[in-house]
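Residue numbering begins at 1 within each chain, and the chains themselves are lettered A, B and C in the order written.
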């Protein structure tokens, strides 16, 4: 049994240093400094960048609120299936004012935009966090809420565009689900504000290098109140979480959206 | 020891809710309903989509058999390294008539098309599943089977195309391995039907957003009997597992293949 | 407790067969043959490809040193978040002459080029390996070393190009961090030779399918001594770890770099 226990402990340390940190409520306390020590044991430089450049500078810039930064960080790491960062970032999101119901809805939204397996991994991380904070089903969005009203005119434009580019004759399943499940249901769920839902989608697209579809969703986010300065800062913030190359690849598309709106 | 045990149990719950479910044989039984409860604890909406839209609708559509759906789902989640979904989906694949030798061969194939690490993660999930179901080495494809006959004419076209686009003068290693290991060995292994091998490749390419190379492999799949309606349904099914943006990006390439074959 | 222990052991086997192997020093000994057996239990063919094609052939080709092969393999699996391969490949990298400080620096570098979460996952794997080999903070690059001299002329060209393509007016944050944190700090850290840092960047870009930015960094690597034959072999080697489609997509960009340098 001693050998087994040793194996198990080593497993814990290897797979989920971050997980253990997240299971304590004391953010900024002992566990956090222990997380920093754990990075220092491999890279004192990375620990320094995390503490000074990320926590001490990036997250404090005025261009985006801490809550918005959490929304886009959570979206990006779910889109990239970054299990190692999820426990600490999910906890931070709640601390930064993302409601449990909003985090629930972000995960649900990304099941469709990043794939079912990305949501499944996020569910496995959110569950113990919710339990620990006493968040139960009554705090979460129901399966069938009263939906937001459909913008009939914008929806007709979307339907026409998809009919032309995809076509229900050749792709009846894809076109049908896109309308029925995504745009007549998921996007109308009220637990996440339309502006935030677009922000989540844009972040997931940039995170996955799928910049072609940023145009549609960034315009939607800006129609719902995201400013140009905020959109620029979204790309800046994401650079650290999705890697510089994905951020740089998003720039021309974002600039093009800016240019066409002015 | 008590603290350690608690840590370990929490680890189990965090990392591998799905894994535990997969280690019971009772599909549809207690463990499955427990899996649903686990999703509900974070998102009642996602649980509802999974039960009604995926299990109750998508997987039952006539356009593709449940076995075909398992082949493409397994390929997609290996290509995306979706460890959280692997235990349940590998078990479901066997239940849906994918033979153990076929699952083995899909993993081997994807080592070359999605990368060695993707196959390694899948191996770690398939091993306990095979053990639990009493599947041993004698049920699996051997390393050196009698190979399928090479289509000399199609292979000469491929060799010429690669010589022109890559070139053995500048890329002797890549060109050599492509011929010797991939097209004179891997693709001729008999444990996976050529139509299924192409389907696995197409699914992995769509899953990774590598649509440029879908044309060659989708044509191969259709030469080997995949119909246009089935190919369309592959994209529909994959939308849920690889995310809508990847499915949408595949559409123009798939449409182009359809157009050029008629 | 017995039930729990059994669950835990099964978890260990599922998640981290490779991890356990990496926690023994006996490379090539009992644990290694056990790793081969573990692959054989799912795919005798894959075990054969790994032993004969990868270990017995690819890794022994003269075109690149074993150390270089470890540098690019480690970069590729961090860029793809391939946790399943990390323990064995990180250990192999140290055995092949990659210094602990270099491995530390590769992880730090990829935090910026592949995203913070990719580095976090690598940190969690490197930590127990470093501890086991007695590598401590004094063996690792400090947070603030004396930096390499800046090539003012090349930097001015880069600044101008970024100003034109991104622009500090619209993207003050991104442009500022790119200069201050990446090119005036990270790239000048002395613990990784400039040629190796470029090689790491190129490998990460090919691994993630981000070939547009290969041109700049491959030229930098070749300016710092990487030959054409070595660059070709990098693509060949990476094919196995990042999948054939990503390698094939890199070829036209690499050929174009070759053509414009002659």
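Simple rule for what comes next: a residue touches a chain if its C-beta (ideal position, glycine included) is under 8 Å from a C-beta of that chain, and two chains touch if they have at least 3 such contacts.
Note that this is a predicted model, so its numbers are computed, not measured.
**Student:** Could you say what rotation angle superposes chain B on its sequence twin chain C, using C-alpha positions and rounding to the nearest 5°?
**Tutor:** Between chain B and chain C, the superposition angle is 120 degrees.
**Student:** Since chain A and chain C are copies that touch, just let me know if over half of their interface numbering is common to both, same, or not, different.
**Tutor:** On the two sides of the chain C and chain A interface, the residue numbers are mostly different, under half being shared.
**Student:** Return the distance between the CA-based centres of chain A and chain C, expressed in whole Å.
**Tutor:** Inter-chain centre distance comes to 25 Å.
**Student:** Could you say which residues in chain B touch two or more other chains, in rising order?
**Tutor:** In chain B, residues 8, 11, 15-16, 81, 209 touch at least two other chains, as defined above.
**Student:** List the residues on chain B that touch chain C in their complex, please.
**Tutor:** 5, 8-9, 11-12, 15-16, 19-20, 23, 81, 87, 104-105, 107-108, 111-128, 130-131, 136-137, 140-144, 165-167, 170-174, 177-178, 181-182, 189, 204-205, 208-210, 212-213
**Student:** For the complex, which residues does chain A have touching chain C?
**Tutor:** 1, 4, 7-8, 10-11, 13-18, 38-50, 53-54, 58, 61, 63, 76-77, 80-85, 209, 228, 232-233, 235-237, 239-249, 251-252, 255, 258
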